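Two complexes follow with subunit A in common, the first pairing it with subunit B and the second with subunit C.
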Partner chain A sequence: MKRLALLLALLSSVARAGETADDHMLEGARYFQAQQFTEALVEFRVAERTGDAGASWYVASTLVKLRRPEDALDAFERAETSAAGDRDALFDYYHALACYDARLFFCADRLLSALGEQPGPRIAAQARQIRADLAHLISIPPSTGAIDWYHARAQATLSAGRIALARSYYNEASSLAALRSDGYRRKEALAGLARARASVAQAGVAP
Partner chain B sequence: MKLELVASLAAFGLLAAGPAHAAAPTDAPPGKAAARAALVTGADLPATPPQLPSQASDAARAALGGRAFGAQGDASRRAREQAARQAADDASESITAASKRAAQAAVAAAASASASANADARAAAGQARSDAAKSKATHGPGTRP
Partner chain C sequence: MIPLALAIQLAVSAASGPCAILAGSPEGAPDPPTRDTEGAATYRDVGDEARASGDVSAARVAYEQALRRDPNDAEARIALQVLCRPDPQGGTTGHLRPAADEAAFEEATGLMKNGDRAGAIAAFERLRVSGPDGPTSLLEGICELQLGHEGRARQLLEEARAEPSVSAAASFFLGIIALGEGRRDDAATLLSVARQDRGPVGENAADLLTASRRDGRVLVSALTEVGYDSNIQLLPDGTSTGGTGDGYASALAGLFARLWASGPYARLTAQYRRQIAITAYDLGDLSVALGVRTGRGSSYASAEYGYDFLSLGGASYLSAHRLLGGARWKSGRVSLSGAYAVRFESFLTSATEGYSGLRHDADGDVGWQFGHLTEVAVGYHAGSDSVRVAPLGYFEHGPLARARIGVGRSARVLAETRLTFRGYDGVDPDFGIQRADRYLDGAITVEADVSSRWTLRATGTARRATSNVADLAYSKLTAALGLVYAMGAM
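This part shows the complex of A and B:
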């Protein structure tokens, strides 16, 4: 009986001394609500490190609010690996915003098209509005300069070892090239995609 | 206090999202439910209209950079962003380390309390045995206390 009391005291003192992951989630929520996104990011990261893998989705979404789309895309990639079961329409909306801000418009459109009414009427209406804004852009032939920009980003991110990002930029370059009758640098984009996939396979990460 | 905060965040999130939003799972812990409500509220439209980038315009900007304020502005913006990132990373590291240290200290304190309680229990048992032996010696077997 005494041992049980001691064990309970031990557990409660540990709980008081070291805040739990959920305490940090709550703090993060408070900062996020107050639009203090840097502080929210710190709290969500601590929650993630304290053992809540699902917090990685909140880290990624907060990076979107901080206007760090490429870091957000990397974080979404990590979240899909570490806490795939927590993925849902709300996070996909934030993921689409990260794609949009990184000028990965096909990526944004693909994610938004799959949302439906799941994230609620307000966010669903916003998703429809974004898709309407994108519709023209992703259906007319782009300039060669635009495609060159995606190749440059893909090469830079691949060199930096950010393979998922490189894949996204090559995907975008390939989709844009497909809109042009000359298929400008499309083969190069597909070769880049294959290179990025090979890097993923070599690193032993899920494609 | 915590419950009030969770309730108000969740209520705000529900109002902002409308009646049919994808709610957090009912078994979600309070912190996560509040974080989800905050994300629902903060899900805005993009700040700028979509526009394809251009390698040519980037190159032109870079060429002009040496003569205009652009390069300095970009460098300064990059430095500020880098500093903010570093600060956020450092803060996360220190909070995690402080939490771990506090938890370790609590475990050590509780373990020490447990050891001391065991010693007390052993001493008390010894004392009881000794008292019983003394009592036996004084009253002898078969005598009433």
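This part shows the complex of A and C:
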């Protein structure tokens, strides 16, 4: 997002000319700034298609703003694969929000704990607040119903071919089960994870 | 509770974005020499991808951008027409709700907004025939809940919960049902999930979660307070006898029990206030009450019998039986409230015995809610005291105003002011005239929740009393700082 800020700073005098990937990034940034997230999403996707692999991070962050956490998680997965070098702390913050909104609380906590002060004091403070909110959710034994919900989501996303997402839900189910003395459906979660990894391997993508 | 409009907005926005982009007009498109067919194709591809994934809004934006770059891009034009026309011909909409259903959905939400819940339920039910749909289930569930059909509402909201876009809102309403049914643990879990939403649903859930921790079939509360009263020596009717000020420390414990939100309840409170210097005014107060309440939410009626016993300076001071009736009705932002109390007072000291008798108090007000956090009310009050010694009896009346202003989500300011005109029943033998007093009272309380069960409270009150007997005019100021604990159980 640092890059986004730089782009925004240059924006005022720039007119559309030539329609390069950077133009679409600029346009997307303008919409993002104006909170027109659907329009921003389209521009970032066009930038992605016109050769800027790093645009995937912006696509993912915009999907977070559009409250489409599962789609955002898919996009973050794609960005990590195609443009790992463009990753920065602010994207990780948005990634954590996507996890949070998808009720993947362990995933959110893991990402937020690694942020430190990197994304700036304001975001860092928000991250600390979210972690404080999360603390009880990831420390108190959950109900069986809650774990069932994660299994259901994992199975649904796996069936839909959204393997990374399925893996995240199984991971969460496994972590939650570990909080319970009876380890409710933990083995099933681990088996699901193995199945998801196998699907990834089959698809030729690194797990 | 979460505003209905917000629930509808949530569901509608989850269901479809606004069709703001109308295709077919080449207005604003570049002249033919500057057409960008390659750029248009890229937007069209993005539109196709969005459309295939069910993202109508993004698809519309992408197709519109494609047409701006190349008005002759027939594929983008057709795709946009399919997405924007109310009755598309042919084509596939992927995971989208068909346009005919979109219109039916809008009609159903319109019925809901207009208060026709039965009509809205029927319309939502017709929509659900074509397959499960989270937003539809959410709104139908809310309608059922409003009609008091909790069982059916729960079923529909559970369905809605499976869809991430409305999962938090569904959890919120399921939490409300669980609270109403006394399933406090389930309610806490559901509201905790809803609280994770970073929008208004989460904020409302957080408020309700905090409130639920202070509610239940059994409510235990305690208050400890230190304060200063500039004029503690008042007779039962408020007449000042000394004008001496003193500090005090006070402790209060309360127990409230009920089986259901509507139905019988019992209340017990005990208070002890210790004066720092004038211990003759140390106050002990024991109060028990049995009552019944009917209604739900912000509209209710209640009736109560109570008994109060007070001691002053360690000696018995007052024994009183009390009957109380009250009602409140709220619709939208407007509320009407009324209360009437009658107290059979027996003062137990020789100095105050003459004040024993029957005391009536009634008040009513009209309230208006501003936004989510502020409510003001104006009203009128009247009272009379028919005491054993006739000249001590009186009739009083006057206007009142109340305000409750939320400061953020965990603090509030409560203020009340009232003006009272009092006329005594006969000529006072000590002063040789019939007394006529006026009282201007004001009270302000600032509360800040410091945790889910503890609240810091600062209170200030002021009174200016004037009378046609000049010597009876006085002022009284009090200030107190206290800590309140409230815990709900069961």
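Just so it is clear, the second predicted complex is superposed on the first by the 189 of 207 C-alpha atoms of A that agree within 3 Å, B and C clash if a C-alpha of one lies under 4 Å from a C-alpha of the other, contacts with A are read in each partner's own complex, and residues count from 1 in each chain.
Note that contacts are C-beta pairs under 8 Å (C-beta built on N, C-alpha and C of every residue); 3 or more make two chains touch, one makes a residue touch a chain.
From a predicted model like this one, the values you see are computed outputs, not experimental measurements.
Contact with both subunit B and subunit C is seen for A:41 once the two complexes are overlaid on the shared chain. Between subunit B and subunit C, B touches the greater number of residues of subunit A. Of the two partner chains placed around the shared chain by superposition, subunit B is the only one that A:30 touches, whereas subunit C remains out of contact.
Applying the stated contact rule after C-alpha superposition, one finds that A:22 touches subunit B and leaves subunit C untouched.
Touch criterion met: A:69 reaches subunit C, while subunit B stays clear of it. Of the two partner chains placed by superposition, A:85 touches none, neither subunit B nor subunit C. Of the two partner chains placed by the overlay, subunit B and subunit C both lie in contact with A:103. By the touch criterion defined above, A:51 reaches neither subunit B nor subunit C.
Subunit A residues 19, 38, 41-42, 45-46, 49-50, 68, 71, 97, 100-101, 103, 133, 137, 143, 146, 152 lie at the interface with subunit B in one structure and with subunit C in the other.
Subunit B contributes residues 2, 5-6, 9, 12, 16-22, 29-32, 34-46, 49-58, 81, 84-85, 87-88, 91-92, 95-96, 99-100, 102-103, 105-107, 109-111, 113-114, 117, 121 to its touches with subunit A in the complex. For subunit C in complex with subunit A, the residues that touch the partner chain are 17, 36, 39, 42-43, 45-47, 49-50, 53, 55, 57-58, 61-62, 65, 162, 164-165, 167, 189, 192-193, 195-199. In the complex of the two chains, the subunit A residues touching subunit B come out as 2, 6, 9-10, 13-14, 16-19, 21-30, 32-33, 35, 38, 40-47, 49-50, 52, 54, 58, 61, 65, 68, 71, 88-90, 93-94, 97, 100-101, 103, 105, 117-123, 126, 129-130, 133-134, 137, 142-143, 145-146, 148-152, 176. Contact residues on subunit A toward subunit C in their complex (touch as defined above): 19, 38-39, 41-42, 45-46, 49-50, 67-71, 97, 100-103, 133, 137, 143, 146, 152.
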